[in-house]
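You will see two complexes here that share chain A, one where it goes with chain B and one where it goes with chain C.
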Partner chain A sequence: MSPLATEPAHVATPGGVLLVLAVMLPVVAVLLMLALGPRWTRRIALATLAIGLLVTIAILAELLRTGEALTYVVGGWQPPLGIALRADGTSVAMLAMTALVIAATGCFGYAQQQLDPATSHGRAPTSFWILLMAVWSALNAIFVGEDLFNLYVALELLTFAAVPLVCLDGRAETMAAALRYLMFALLGSLLYLLGTALIYGSFGTLDISLLSQASAEGPVFPVALALMIAGLLAKAALFPLHLWLPPAHAGAPASASAVLSALVIKAPFFLILRLVLDVAPPQSAAFAGQFLAVLGAASILFCSVMALRQARLKLMIAYSTVAQIGYLFIVFPLASGSETLPPWGTIAWTGGALQLISHALAKAAMFLAAGAIAEAYGHDRISDLGGFGRALPISAAAFGLAGLSLMGIPPSGGFVAKCLLLTAAVIGGHPWLAATILAGGLLAGSYVFRVVDRALATPAIPLAPRKPIPRRLELAALVLAVAAVLLGLVPLQPFAFLQIGRPDSLTAVAP
Partner chain B sequence: MSLLLDLALVAWLLALALYVTSARGDRDAIVAFIAFGLLLGLGWTRIAALDVALTEAAIGGGVTGMLLLRAEAHLRKRKPGGPSKGVVGKAVTAVACVMVTVGLMLVVLAFPSPAPTLAPAAAAALPATGLGNPVTAVLLAYRALDTLLEKVVLILALIGVWSLAPDGLWGGAPRLRPALVPEPLAYLAQMLPPFGVLIAVYMCWVGADAPGGTFQAGTVLAAMWLLVMLAGLSPEPETRGKALRLTLIAGPALFVAIGFLGFAMAGGFLSYPESIAKPLIVGIEAALTLSIAATLGLLVAGPAQMASGR
Partner chain C sequence: MSVAALGPATLFGLCGAALAGIGLFVVITHSGLLRRIVGFNILGAGIFLVFGAVARRGAGAGFGGDPVPQALVITGIVVAFSATALAVALLQRLFDLTGRETLEAAQEHSPRSEA
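The block that comes next holds the complex of A and B.
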């Protein structure tokens, strides 16, 4: 078979250039920051945040205008020889979520550094901005990648940007947490790369859309996919591979935790989603879906209980992340679709995407609020925070609103997401998944209420912050939490935006 | 005869691998690991993958080995004999590794024959790039985006290592030089670099048409630089230095710039106009070689350990 003789798998669209910008703009920022040194770093970062937001808005507008996916063929080299970038409705939703969270985190980081001007050109702030830009580039590359090896490179970029973020404060215990994270992430990368090599060896292509048309016989495809998914699970921190996450996410500086918990672990999940739905043959997909759902359910129950038992606020939020990630994995059997209805036409697909986005917004809001609290009191022991709501009303409000989304209480994006998933579980005959969703909501309510209760408490001696906290430091968290609430306005039905650029029915995908 | 050689090579590799995992001392294991990397490079030449062989010997044997040796030396200073894994842990690891290996063997044997490959397509498209080595065409033309992002990964690894420096020393210089430089080392550091630089330049230049290329050449350059610094003939550079930082980003920056110029010259990101494709690619390769050499050298040197002079 000559790959050149076949129809081109990807046709570049006029808006495709924007995808190149989304990936390369932060890279240019990283290079500029290195060249110009610490004094320029923050200015370059803020400019990049502004331009990157505009690029994301342009991508969104182009997608809505054309109603088709944006595609770019890099260097004009058609896959399988070259690499294509492609953004359909779901990918663009991810890009928009990423831009919003990164921008809010950037604003928080900026405000926090202004509290301490003496060190604002020092090691931690400078490294933070460089790594933040690299994380952004890597996430965008993962959300628009169409080539399994290109995605591997993007995953590596993400790992090497995320791991140093964990130990930015330089304490020995965060160093240990970062090393453990690195071990898990590298093991995951290795397994992913192994699977990619096997796929190339048996199909001669790594392009996702070409692979989805390939006929899969023999043991190679399932084994390769199993290796890749196992590797990605280690990076996504699904139970029981979550051990690295709580110390890493809790030990990082607040702005880094927000990005790590809200965005970085979503990238491997997104790739698992693409492997299972776009690449795997239907039988393997069904089996993988069942397996992932069991792990997801275990994640929800076990880590919600763990979150309830934590004494420190940031550890609690970190365990809650693993629990909320579990919801994403129970989507697989619920969104398996049918002969007439493709997976992306189901309510579970919309529910899963909403859960992913609303968790990103809510979790980033929580970590930023926790960052303001830690900045004010110098610690984050929940039991010693009685009455913090009086001194930091905005942070308390942000935490509470974000909590609504995690619990799944209306009005919030989390409510719509969990409601859709629950409906899908009941209709699809998965009573134990429905029960897990309900139990997870109750447990989330308990651990969120513990903190809200402290915020509203009136201790005998009012809790005084050790230093005044400016409003603009607290605002970023509130904006994200309000955005998570506003997501609740999405109607309770399959969301057409998420289906843009996806094939109309399963028959187009199945061999 | 060649079968006998191959069998001996395989036996040697297996024996070394077993020794690496079972050696008592960390340093013994690392030295065996370096030998393993070199032999593995020989193995790659046996299946005609010369580019991979060169990289394996340079990175797998050379740079990784040096990093491990330095890490081991640091650990040795801190605490004598750290906790070693229990028998159960070792057994579980061994069983898992054997399972993965056997599984891989079965899967690889199940590959379709002849295996589907893009090699003919990669060779057929060569004229458009003006290159003679399809591996270089894959790295710098067909999949230039991968290579570009991979170079950014390398720089990020360095940023990560630098961020481990204590706040007060950040921006200062790493320390490589031992308190007392052995006489033979100083002699070697004076004799070897001219040859090393020549080899690196040759490898970079020949990479366009024959096996060789930026990573291998960059590694050789880095090794020469490290040798000179280790012998104390040249001071370790301050990590905040302007010239150093410009060298670090020169390759990726030129790559990105030519990539964006592709919009004006050839109608797209990272496309080269056919008439000047080869000079552009060789230019990118030369700049990348310098940047890779600087990055690898500084990665081995580690975070700053001496306060900045200014």
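The block that comes next holds the complex of A and C.
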């Protein structure tokens, strides 16, 4: 019953301390902001963004140099008693994506606050920076965490930072949206905690790599995993647990929506991925994969149609998020692998990871572009935006490029991702999943073209912005959208970077 | 099996399960947010009791009385306290703004109050 290993489960690597830095740096920034007060907040935030980007680049370089996962054992205490931090290729890709999106969002937030110097040291801007840093720290902790309880704490930190971001403007509707989000998230984390308790009761360890070697007998392990995955689904907003997401993500300020939609819901998905692929016994994993794929397909179809029916731009983008999250969940049956091929060697694994990253970049770009539009016109009703492309060409271009990725049209990261998933579905004999991917692409095309059509329209009376919008406010969205397009240049095959640090990764070849 | 035959660990576990069930029932069936927040706390208390039973049983690690779950429960209580504080603060603000303490009513009535 006891999986206590005789040899240490984790060996610390020299670069491991960088992971601690990635988690702790934003926390230090939050403490400094609280200690020094509003006047210093923005300077500290910009410095932290710069240093955080450098730390992420250092982690990336270290991973590429050694070709192994970075590991840090906290305090030198080995699991099961201690806690390990570990970043393999997939985790580092998540860290890099997070740093890029947070930095671009920070630049947008900075430019937006300069539009209104009178309130730039006010309560909402100061809270925004503190919460942004807290979200960053929690996300990094989730992407490098190895201990299930430690991950629970990181998930809660993420929720506590994300919920206030929803209601930064303090209106009654956003308060209600934030409370609804909190109710779903609390139920989700308590279910996760119950699963953690059951797993500790059976195995005496919560370390993911020790659990993956543990032999599971009896019903406790599958029940615990089912509880944890159900809890995480509520946080990841998969259909039918997505009800909280559209009002929360559409009501938040644009820069907050970008972080929430691009990054925050990816964290619970990442944990589900680790639970299904690393922890769950193969039979339970196969069953869970089928179940998640059905929900994912329903999510794609239902929420794409809902996005098509929205009158407001931000609500449309929010529904599109739930639809695009669905693609991530249909990865599970496609990437189940075989005896000779581990899951992370399949093209579906690469496709799923690319979908995650390209959606994060594209969706953040869309929300920032929508933020610039709302800033210019004071509303985001799609039907009243005819001809906004003339006044805001950069935002319109960013929206269109990001749309390419959501639709899956080349050249874009979304195209490569959906092409790989489609190929995997056809080869693996899942015709209904292939059909869903195609239908989802068509529906995404419809809702993106609704907006692009408005951007290119030439109304009789030209649409004049109520105030001039500086270029730098629009540039953040364009940078992210171009990054999403550039992801389309990676080759259509299993991506070796994502397999660094995975067991048996040397055997991985294209199917 | 009589009650006397139940070990303390089993008894704790069953109490925890009952509390978790009551908490879940309150959270799902009630629309009043304050009741739901209390429900979350009952659910959390049940889970912590299950954790305690796990510790009492010695868990899988084979220690006599496993101290690790106690450390986890203390951390969990701190997290649950913060969650409750955040939820109550948001609810207080919602009540100040709209005079309601349910989500459904807030959504239905907000357009009408503007008119």
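In the analysis below, the second predicted complex is superposed on the first by the 499 of 511 C-alpha atoms of A that agree within 3 Å, B and C clash if a C-alpha of one lies under 4 Å from a C-alpha of the other, contacts with A are read in each partner's own complex, and residues count from 1 in each chain.
In the analysis below, contacts are C-beta pairs under 8 Å (C-beta built on N, C-alpha and C of every residue); 3 or more make two chains touch, one makes a residue touch a chain.
A quick note: this is a predicted structure, and the numbers were derived from the prediction, not measured.
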item: Partner chain(s) touched by A:V153 [first = chain B, second = chain C, both, neither]; value: both
item: First, second, both or neither for A:L233, with chain B first and chain C second; value: neither
item: First, second, both or neither for A:L18, with chain B first and chain C second; value: neither
item: Which partner reaches more residues of chain A (counting touched residues only), chain B or chain C; value: B
item: Which superposed partner A:F203 touches (first chain B, second chain C, both, neither); value: both
item: Which of chain B and chain C A:G170 touches, first, second, both or neither; value: both
item: Partner chain in contact with A:I382 - chain B first, chain C second, else both or neither; value: neither
item: First, second, both or neither for A:L187, with chain B first and chain C second; value: second
item: Touched partner set for A:L131, first chain B, second chain C, both or neither; value: first
item: Which of chain B and chain C A:L70 touches, first, second, both or neither; value: neither
item: Where chain A meets both chain C and chain B, residue numbers; value: 1-4, 80-81, 149, 153, 156, 160, 163-164, 167, 170, 175, 194, 198, 201-205
item: For the chain A and chain B complex, residues of the former touching the latter; value: 1-4, 12, 17, 20, 24, 27-28, 30-31, 34-35, 37-38, 72-77, 80-83, 119, 122-124, 127, 130-131, 134, 137, 141, 149-150, 153-154, 156-157, 160-161, 163-164, 167-168, 170, 175, 194, 198, 201-205, 218-220, 223-224
item: Residues of chain C that touch chain A when the two form their complex; value: 20, 27, 33, 36, 40, 43-44, 47, 50-51, 53-54, 57, 59-62, 66, 68-69, 72, 75-76, 79, 82-83, 86-87, 90-91, 93-94, 97-98, 103, 106-107, 110
item: Residues of chain A defined as touching chain C within the complex; value: 1-4, 80-81, 149, 152-153, 156, 159-160, 163-164, 167, 170-173, 175-176, 178-180, 182-183, 186-187, 189-190, 193-194, 196-198, 200-205
item: Chain B - residues contacting chain A, complex; value: 103-104, 106-108, 110-112, 115-118, 120-122, 124-125, 141-146, 148-150, 152-153, 155-157, 159-160, 162-167, 170-171, 240, 242, 245-246, 248-249, 252-253, 256, 259-260, 262-263, 266-272
